[in-house]
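The chains carry the letters A, B, C, D, E and F, assigned in the order they are written, with residues numbered from 1 in each.
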Amino acid sequence: MGPVKLIEYKDANAQVRAVYDDIMATRKTDRVNNFWKALANDPVTLRRTWESVKQIMAPGALDPLTKELIYVAVSVTNQCRYCMTTHTASATNKGMTDAMFHEMMAIVGLANQNNRLAEGYQVEIDDCFKEQS
Amino acid sequence: MGPVKLIEYKDANAQVRAVYDDIMATRKTDRVNNFWKALANDPVTLRRTWESVKQIMAPGALDPLTKELIYVAVSVTNQCRYCMTTHTASATNKGMTDAMFHEMMAIVGLANQNNRLAEGYQVEIDDCFKEQS
Amino acid sequence: MGPVKLIEYKDANAQVRAVYDDIMATRKTDRVNNFWKALANDPVTLRRTWESVKQIMAPGALDPLTKELIYVAVSVTNQCRYCMTTHTASATNKGMTDAMFHEMMAIVGLANQNNRLAEGYQVEIDDCFKEQS
Amino acid sequence: MGPVKLIEYKDANAQVRAVYDDIMATRKTDRVNNFWKALANDPVTLRRTWESVKQIMAPGALDPLTKELIYVAVSVTNQCRYCMTTHTASATNKGMTDAMFHEMMAIVGLANQNNRLAEGYQVEIDDCFKEQS
Amino acid sequence: MGPVKLIEYKDANAQVRAVYDDIMATRKTDRVNNFWKALANDPVTLRRTWESVKQIMAPGALDPLTKELIYVAVSVTNQCRYCMTTHTASATNKGMTDAMFHEMMAIVGLANQNNRLAEGYQVEIDDCFKEQS
Amino acid sequence: MGPVKLIEYKDANAQVRAVYDDIMATRKTDRVNNFWKALANDPVTLRRTWESVKQIMAPGALDPLTKELIYVAVSVTNQCRYCMTTHTASATNKGMTDAMFHEMMAIVGLANQNNRLAEGYQVEIDDCFKEQS
């Protein structure tokens, strides 16, 4: 009923170990976060979630730091302490300064406020923004 | 009870016009979004909100495009169609490509998923992330 | 799959009519809102929900206008357009002025912002607020 | 990565102390809540947020207790424990009784329920509520 | 300001004891969860909430286990740790296996992701789904 | 800025067509929902999301109807009209009766209410639910 058991590498089956190995190789680290050790209770979800993270958070049109900032901003909006903590750490590893963190937080607060002002006043979308993108 | 009346420039008092003028000057445009025309029903909130936006969204440690991407990501998470539409337009004006938009959306979806997985499995924060920042 | 059918008085069974009659008598009106006509598709939920509304929104330690303001504030936070529209109408009927509406909206925006700042900065509760109430 | 460091008065710079002094003078107290000590890591956000709170929560068309009740209702909806705790304390200082607290909580629960019933049944807004306010 | 006092059976008045007795009789147990002991501070809300739970969670067109799974899924989405913990226990008592729990969690994550993709891309409802149900 | 363009089969590239073909084959239908036509603007996300849906929503320890009910319950909680509409249709195809739909809705409303009551009263988890699962 409480937190699920964390599956350590030594107790993991081959399927789980393969994911752990890929996480450590991809991230160039020798540890695996508790998030993955919890998901390992469901190896299918562990693999699917890791493959999604690996694909989505890889460098692309957006650089890795910008991606982490977006991830943290969503996690703060949803108030998920685990995710904001671990991804703030990732963002820091990728070069986020204190000033960047504070600016990101200010935007999260502002957008959460303005989302409600726009909805509460039922503001209609400006004609010039109505064309299909 | 429905949407509030939008206050056009010609119908605005001096206090509201001063804000509209500052919006247009700051953004180098000759139009004011409906959001501001709705807030103008409460000139104190109009001024406070505009001053906050002007301060927070100005270039800083984060560049203006990154700031817009974070703003859109929060608005999509909260499902505020007005804000996601207008700030997607702003992001596009600041150089967001289609590829960037799609990557931002993928991260928003992923974080919304993983926030629930982390909370639902009640994952405890890793010891190495517990030090005070 | 879309909106449920609204059950009009003339098409309602005795169980539903009894609730409609009580709504109209309690509210001193000759019409029933669409919310109730939608819930009437499930007469048990119609009755339970109406009994809850009647009990909770009745005058008590808080006056009816304050109750409506709280109801609207939650509905704006959750961005439920139906509830914010109908309860803004109720609040207006109970004496809400435009100035009151604008102040309520400003608080909703502020709290939505500060909730994220408090969570994102992981502010610990002050010792002086930790005693049991 | 974890909670930010709280900036105490003795360690604060002049800019931060000026805000702390204003908080204590406005609230007629000799202490500053942890929320402000956390925001002090970003003095610009500290000042902006305090100025917003001072403006919005001051007596106006709505009395200070009603304002606190609305603030708490939003914070409970968003499940922000820090904000609900500190603003419940503020509400109590401004005259909130236990009975008022319980009634506010009942409304928050009810609105959160009915928001989903209205959305899930996709209830259309009644014609009589569609006129512009 | 902090958690409310829990009202134990021996300290409860007759009105509260009657609800506790009904909870224990209905659930065939000799204990009452903390949720009810907290609500007992407001006996009217205690009774109303218990009557709602008893009515809604009883076997009906949906079996009790399916009902608990839906309840947990909502609580995980809202990130309410108390409710997800206690209703996961209830679901387990009603036959939920680990495999069922993991599948429910995967759906919760998926829907939270896809809700944002659908909203963020502003997908219009397919014509074939627009008929009234 | 508004809704993205829907990619029809005849305009789709080979990568997108392969996913559309798999959707139609898996679901034994000759049409593809707008959700997929919107995601097709980002073929990588289209494929990843479809593979996740196919894996998660397939029959397993939970039957397909129960899975759809959980999906709808989350979508109603998040107030995503597109997802609740299309997955209500899927649930109906898999045998959901009106009575089941109403019971699911009642649980969603109840859990959304009780989540806030549990959080607002800051109910502590009962000792008996604290053991690790």
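Following the convention adopted for this analysis, a residue touches a chain if its C-beta (ideal position, glycine included) is under 8 Å from a C-beta of that chain, and two chains touch if they have at least 3 such contacts.
Since we're looking at a predicted model, the values are computed, not measured.
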Taking each chain's centre as the mean of its CA atoms, the one lying farthest from the centre of chain A is chain C
For the C-alpha superposition of chain D onto chain F, the rotation angle in degrees, rounded to the nearest 5, equals 180
Specify, for the interface formed by the sequence copies chain B and chain E, whether it is same or different in terms of residue numbers shared by both sides, with half as the dividing line.
-> same
Take the average of all CA coordinates in chain C, do the same for chain D, and state the distance between these two points in whole angstrom.
-> 20
Numbers and ranges of chain A residues touching at least 2 other chains | 1-4, 41, 44-45, 48-49, 52, 56, 77-81, 85-86, 88-89, 102, 105-106, 108-110, 112-115, 117, 119, 121-122, 125, 129, 133
Any idea which chain B residues touch chain C in the complex?
-> 1-2, 41-42, 44-45, 49, 78-80
Which residues of chain F touch chain D in the complex?
-> 76-77, 79, 81, 84-85, 105, 108-110, 112-117, 119-122
Would you pull the chain D residues touching chain C in the complex into a rising list?
-> 2-4, 6, 31, 33-35, 38-39, 41, 45, 49, 52-53, 56-57, 60-62, 66-67, 69-71, 73-75, 77-78, 80-83, 85-86, 88-89, 97, 99-100, 102-104, 106-108, 110-119, 121-126, 128-129, 133
What part of chain A is in contact with chain F in the complex they form?
-> 1-5, 44, 48, 51-52, 55-56, 125, 129-133
Which of the residues in chain E come into contact with chain A in the complex?
-> 79, 85-86, 88-89, 92, 98, 102, 105-106, 109
